[in-house]
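Each chain carries a letter (A, B, C and D) given by its place in the written order, and its residues are counted from 1.
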Amino acid sequence: MSSVLTEAQAGTGSSSGVVVNDFSLQVATANGSGSQTANSVLMRSIFQMGVPVSGKNLFPSNIQGLPTWFTIRASKHGYIGRKREIDVLVCMNPETAEEDVREARAGTHVVYEKKLGLENPGKKRDDVTYYPVPFAELVVKITAAPEHAKLRKLIVNMIYVGVVADLMGIDPAESEIAIAKQLKGKKKAVDLNVSAVKLGLDYAAANFPVKIPYRVERMNATAGKLIVEGNAAAALGCVFAGATVCAWYPITPSSSLCESFIDFCDELRVDAATGKKNVAVIQAEDEIASIGMVLGAGWAGARAFTSTSGPGISLMSEIIGLGYYTEIPAVIFDVQRVGPSTGLPTRTMQGDVLLCYFNSHGDAKHPVLFPASPEECFTMAGEAFDLAERLQTPVFVLTDLDLGMNNWMSDAFPYPTAPLDRGKVLDAAAIEKVKDTWGRYRDVDGDAIPWRTLPGTNSPAGAFFTRGSGHNEKAQYSEKATDYVNNVDRLARKFDTARTLVPKPEIQDRPGAFAGLLAYGTSHYGVSEGRDKLAADFGVPLDYCRLRGLPIGPETAAWIRRHERIYVVEQNRDSQLVTILRDEFPEIAARFVPIRQYNGLPLDATTVVEAVLSDREKSAKKG
Amino acid sequence: MSSVLTEAQAGTGSSSGVVVNDFSLQVATANGSGSQTANSVLMRSIFQMGVPVSGKNLFPSNIQGLPTWFTIRASKHGYIGRKREIDVLVCMNPETAEEDVREARAGTHVVYEKKLGLENPGKKRDDVTYYPVPFAELVVKITAAPEHAKLRKLIVNMIYVGVVADLMGIDPAESEIAIAKQLKGKKKAVDLNVSAVKLGLDYAAANFPVKIPYRVERMNATAGKLIVEGNAAAALGCVFAGATVCAWYPITPSSSLCESFIDFCDELRVDAATGKKNVAVIQAEDEIASIGMVLGAGWAGARAFTSTSGPGISLMSEIIGLGYYTEIPAVIFDVQRVGPSTGLPTRTMQGDVLLCYFNSHGDAKHPVLFPASPEECFTMAGEAFDLAERLQTPVFVLTDLDLGMNNWMSDAFPYPTAPLDRGKVLDAAAIEKVKDTWGRYRDVDGDAIPWRTLPGTNSPAGAFFTRGSGHNEKAQYSEKATDYVNNVDRLARKFDTARTLVPKPEIQDRPGAFAGLLAYGTSHYGVSEGRDKLAADFGVPLDYCRLRGLPIGPETAAWIRRHERIYVVEQNRDSQLVTILRDEFPEIAARFVPIRQYNGLPLDATTVVEAVLSDREKSAKKG
Amino acid sequence: MSAQPPAPSTPAAPKTNRLGLPKAEYEGGKSTLCLGCGHDVITKQVINAFYEMGVPPYQVAKFSGIGCSSKTPAYFLNRAWGFNGVHGRMPAAATGALVANPELTGIGVSGDGDTASIGIGQFVHLVRRNLPLVYIVEDNGVYGLTKGQFSATADVGATRKKGDVNEFVPIDLCSLAIELGGTFVARSFSGDMKQLQTILEAAIAHKGTSIIDVISPCVTFNDHEGSTKSYKYAKEHETPVHDVGFVPYFEDTLAEIPAGDTKDVPFPDGSVLRFRGVGRDYDPTDKEKALRSIHESHARQEILTGILYLNPAKPGFSEVLGATGTSLVNLPLDVVRPSREALERVMESMR
Amino acid sequence: MSAQPPAPSTPAAPKTNRLGLPKAEYEGGKSTLCLGCGHDVITKQVINAFYEMGVPPYQVAKFSGIGCSSKTPAYFLNRAWGFNGVHGRMPAAATGALVANPELTGIGVSGDGDTASIGIGQFVHLVRRNLPLVYIVEDNGVYGLTKGQFSATADVGATRKKGDVNEFVPIDLCSLAIELGGTFVARSFSGDMKQLQTILEAAIAHKGTSIIDVISPCVTFNDHEGSTKSYKYAKEHETPVHDVGFVPYFEDTLAEIPAGDTKDVPFPDGSVLRFRGVGRDYDPTDKEKALRSIHESHARQEILTGILYLNPAKPGFSEVLGATGTSLVNLPLDVVRPSREALERVMESMR
């Protein structure tokens, strides 16, 4: 999943002073004002022109009226992480317009509703360029008809698409295609929106002879790629991984994962003959019920999963411990948001690493996977189910709001060709063979993973009793100290087996690297871009290990041991992964240098660059 | 809380071959057979003779019928931890008698029900000494009366008290006193029980000319001491700490804490005038409700607490995070039992350290106190409430089944003379002064602890809005990145303030120590006894730091830095405290050597001795 | 959105209540809910009720869970303390706070998801305890804040915007509360402001748990054709079981409803609830009849509103606990810390 | 206590059921409960019912929470799979398992604490879903396993051994289940073995949730004078609302109760429940009457037993979910993994 394009792909800038295919554009609107369509059209238009693009929606935790910012980044280099610096600002929200401009950096180009009078004396900044547009007036022209009146709020957004298209050189034809796609070709709606774009185009053409120096030019770096949210990708992954039971309770930012699963199943899991579904999706009454249902289904032998966010994981803690101790497969997606507590439900964070890894009371540890892109959401969903059934234990898949809910440019998803790994299950025939020698919790293969049977297996000798209380190898109730120790020691060994089974890290080394960067999940984008900057602009080459799963496996361990200094980049306050790394590598624990961003915004490259440079200075001073 | 007595106190042995005041006696019975009374009488008799004693009840997780073992240890040296080696065995349980004897070590003295025929050919071991007693026959003599018939099951236990008293030199007069005390002087019951003891005495006197070489002789090491369970001590501590709200849900081994609190309050918290209670105890419907009620009460300004065990903490996780983020005082007792999941509810473990310290999603950390004795349960209850109100955050008090439910010889509890520290609370007058400058979450004192107001305070400017969602210094809703970071950074600084406020460690250094032992809670007994052994028998002097609270404070940090090798003794599989220590001391993380016992039994000295010696060998080999 | 107190009241303020406080003293922060959300209408009535009842704002404690509805305590009574907890667990926090300080007047606001889905367990046990608390469920049949999934009060056959149909038996919080021994059970509709305000005033006077299920349409996700919680549907199907008037103890006339063929139910504090029949005979003190009427209303697709069941005499929670009934928050040290002798006595029993 | 399967059956075994299996094939491990515990009696009837109904043991899934009662699934049907989960959350595990494999016959055993206290939330939502499950609550009014604290079904005025009195409204799980749309709601008494076995057989045949509240005295902590869940009290206060007989579809005679002044309720599978009145007129298919009778029984201090409400026609959970109704556990790969083309189609929509 390299984030750097070949120069060929990257295309080249044109006339000097003009920046081509490398900018961030931010649209400030109000929540629920229906700007999403316009924003996606803008984003898709650029995407369709072959330019790598990303869209990030910064929205409030309410349904209507509060400020929302949508940021579109175009990058010929394929950097699709968040960029701190905004180049073009579209102010559609009267509530925030003045503050938006006040906080804009010098050189920003500001498109805004004329009547806000941002250029009035006292307000005007002479280090930004203004493009006033009478949106309110314009929109009336095409929505004069009374039946259109209540469409104005929506349509007005399409006008800025046109204005920006003209000012930045976006091909209007692409916008038309994007609109048709967005509105699923509803003729009347399409026409109305297209005319709104036209209105913007014409106005800008007529009134702004000088265009914005940030331009879009065609290149060919998006062919075959998708624009998709991580949650949808994960849901699709669950469908193709053969998940047949889903129990969930809505929570931002995870709801759309299960909702997408429902939609995909309505299309892909319907029995042609009966019209019935080959899947059961249960909207539970809360997260305790969701995880209980998932364990029940996993115990019965189905591939079952749930999706939630931090508060849900906290609630599930007791039952997750049951899953660990009774050894029941389960897949739990945690689309992380900002905690503690309710925190900032619409901001992103990697704050649940310790909660998931050490979840529940007593001694318990759990495998955790870290997808970093939509395609990994898709593929790791499959890996998670294989892992859960192979290891017979709950497996966490940690994504975050940034990955789950934002629009990502993604590689196409590879069709899974490998058979499902259903793990160690004895059928009736196999039970006949092993008979009394079989023990539900006996390690016969040396990998500490026992064999299980499924309820309903037609055999007089197949049944066993699952319990969260003490049990021996035969799954019989036991309070014997030796049985207990024997069992939990095996569970510890099983966790070591997991080290060899979780997804391997993605390692990118650079000649002459004096140290390494270690990161996971969506930190990848800020880290890889920052790493390129450090090498290119500061002559600081760094190796890079993108951790893709816990527990730490041999490859990661080897990479860590090879490095004298390791910057561990995380999107949480307490550098939670560092806690785990120090525990795993006591003899070199001092090598880990935490780099943290935890303000609820996706990690940006600048944060990484600044942190590394300041650390180098510090250590330089030391001697 | 030194565990070593002066030679003066320790008394001296008499005729050689005989061991005085240094043995373990184990009584094997069936659960619910009413042996508790007999066992306490036996234990108290020894206690009343001035001999340091401890009693540990190993009982099953059911109510009646399953095997139970009660172990009484007498130690002139004042060692009251568990001893692996049993010297005298009383077999009252036909179910387990044969296995009990089979597993007994050579030299054990076995008192048993004659008709079990343990000496019959094929069963008899010639490396143990047998004392057959026809308990069933004897008991009939004093319970011939039909109305007594159903008392037999109970009374028969008193007979072995008499037998053991004769065989080991326990003064029957003391047993009579103990009986009177146990049965609160109920004349008829007392007489019956006393006659049973007499029966045993006479039988042993008449039939066993050779006595057991483990003897009890009077000494004066128990004057003024108490025999009490940790749960009762903690409950009493809560009463004297001014706790006025308790919300709980029953769970072994914590139930008796709140039940004792109820009993103590019925005696000590009744308003003389009205007969009403100056306390509210709520039996909640579950642990989520308990902790919710405790937060509600703490928010209203009362000293509120709950008590539970691992499963309850897991369930509370979401709301504990709310308490952390909204900064509400709360005291949570976790009487730990063996996990994961339901685990072994009647066995002991220190398995919830990580769960409590890192509890809940997002970045959250919590102070954790580790009482090691009943008197510390009493005093730390008070410290916990002071800490919770001073820091405005939930505070955990971690005990375990061993401390909470076993009978401990304890120092008397010191009467608390200091005023309660109610923390930073603004009353109406104070609010008048600070007015608009006040912010509920503003750090005005530099200790990161803000000032709060209490609902009902008669002031138009005192109110604020508590929320688990993002908030600024004024407690207003905020999704601003800067407000969020500002707030959680303060919370992190507040946790540093906590380092200076949690109970300081108890440090015992030894000249020439080559390394240190670090432990917490009930590990103290096995550790301090093992440490004495290591010094006395193996010439291995060790320093000792008994951790009494988290986060790690400066004294502990200094002690750790002073030592090249630190044995961290824990009663869990994953050496959970070591994870925290390695995180806190990355540069010396390799110095921590885990010593673990996690079989559900209280830590014994031998485990510590063996572990330290084997580590020395290893490092010796290394060079 | 803001917990910042408005500027202190000026005596110049014209209309005031019995405490001499103007309405402004009972207002809250600016709502961030959708334009037209039923919840905002309820907020207004809460403000009116507390103003009319002349409750000192600083003696009020506001509780809520999570949801659009649960945000509303920030939009009324800024002078009162607010506790916006976690999802579905409002009752526990309220219980702890009001047991710690029974002198506070407690009001809890929740939603149908917060109460009937995740929160039904705490709801059930709260009702059993009869904790003095005004408990408003702003009932729109969906999870508004998470964009409109069905909640446990959605009616069988109701459709979502997407078109999918609810198949599960709805929880009727009123009949459930009565079944569980509730002492004040009411239903209203955010569109019926007068009735709602009267019910709220009576609830404030009630010394037990007042369950008030208020149909409160979600204009964004559940106000469409096919919804049974839309403004249109509620207007068409609301069926008041009586006219209700309330005279607090500190007033003596009841203008709206003159005596006559009315039923008066007195409160321990001397306040009176007066009911006048509206055609059907409905006795709010007859449990069985109340239950039957509610059940029958389902078949008839009526939304029965009014005070459906009432039993003001039953003792509240603190009383049952045997507590003094006064605040346990700041008791003097000598009251909460027993004497040295007491400690000695206890320890003696351990020797 | 033991999940170890007994030795395979020997054809020599005398009496067998319609599957040719002897009773032994339906037995379980040795009980570790107190001598005389009501729960052990219920265990016996469960064994009888499954034996008589001729359910293949390996097709049975046993679920429970935590408590003495929740231990009992280890004491019956050793040939069946058992899932002893955590406290109060049995319904969720059962729901997941039985949705994953609807071909299993599910039985859940819980206690009054496990269900009515911590578990009431999952109970409520389970009933609403009508998941095919035989749900037995072994109701003794206390938490046995934690030594006898009051549970949420303890009656007002009931005393504990210590002497303290319960003051909180008990939850009547039967009227509650009916209120929530339950389709099979029964109460029995561990002392009334014949009735209990019949109810269990009918419950096994029922294709929805069968709630069976069985008064099951705790001889150790709640069998004293002053208890309303003691053997003595239950014997004296049990009031059957009818005689009930059950003819499974595979039998055709109903010896015990000859037709006559009886009411027959047919099951979709052809089985029939036959009720004969016992003085009072009681119609188990009339919801309102059933509720009223139960409520009135409280005042009369009667423990109504029998099948209190019944509606066998209502569709079960899987059906409502629109699932195939067959096991989702081992579907062939080509069924659960859509084609390459399907993936392409979906991805195209994302371009």
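The rule is simple: contacts are C-beta pairs under 8 Å (C-beta built on N, C-alpha and C of every residue); 3 or more make two chains touch, one makes a residue touch a chain.
Everything quoted here is computed from the prediction, not taken from an experiment.
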item	value
Chain located farthest away, centre of chain C as origin (C-alpha)	B
A-D compared against A-C, more contacting pairs	A-D
Averaged-CA centre spacing for the pair chain B and chain A, given as whole angstrom	45
Distance between the centres, which are taken as Cα means, of chain D and chain B, whole angstrom	40
Contacts with 2+ other chains: residues of chain B	60-61, 285-286, 311, 318, 322, 341-342, 467-469
Where chain C touches two or more other chains, by residue	66, 86, 117-118, 120-121, 124-125, 152
Graph class of chain-chain contacts, one of line, ring, star, complete, other	complete
Touching residues on chain D, where the partner in the complex is chain A	1-5, 8-9, 25, 56-59, 61, 63, 66, 73-74, 78-86, 89, 91-101, 103-104, 121-122, 124-125, 318, 321-325, 327-331, 333, 335-338, 340, 342-343, 346-347, 350-351
Touching residues on chain C, where the partner in the complex is chain A	32-35, 66, 68, 71, 86-88, 117-118, 120, 143-147, 149-150, 152, 220
Chain C-facing residues of chain A, complex	32, 60-66, 249-252, 255, 283, 285-286, 311, 341-342
Complex contact set, residues of chain A against chain B	60-61, 310-311, 313-315, 317-318, 321-322, 324-326, 338-347, 349, 351-352, 354-355, 358, 360-365, 467-470, 479, 481-482, 484-485, 488-489, 492, 572-574, 576, 578-579, 582-583, 586-587, 589-590, 592, 598-601
Contact footprint of chain C on chain B as seen in their complex	224-228, 232, 236, 239-245, 247, 264, 267-269, 271, 274, 276-282, 284-286, 288-304, 318-319, 322, 412-413, 415-416, 419-420, 453-469, 474-477
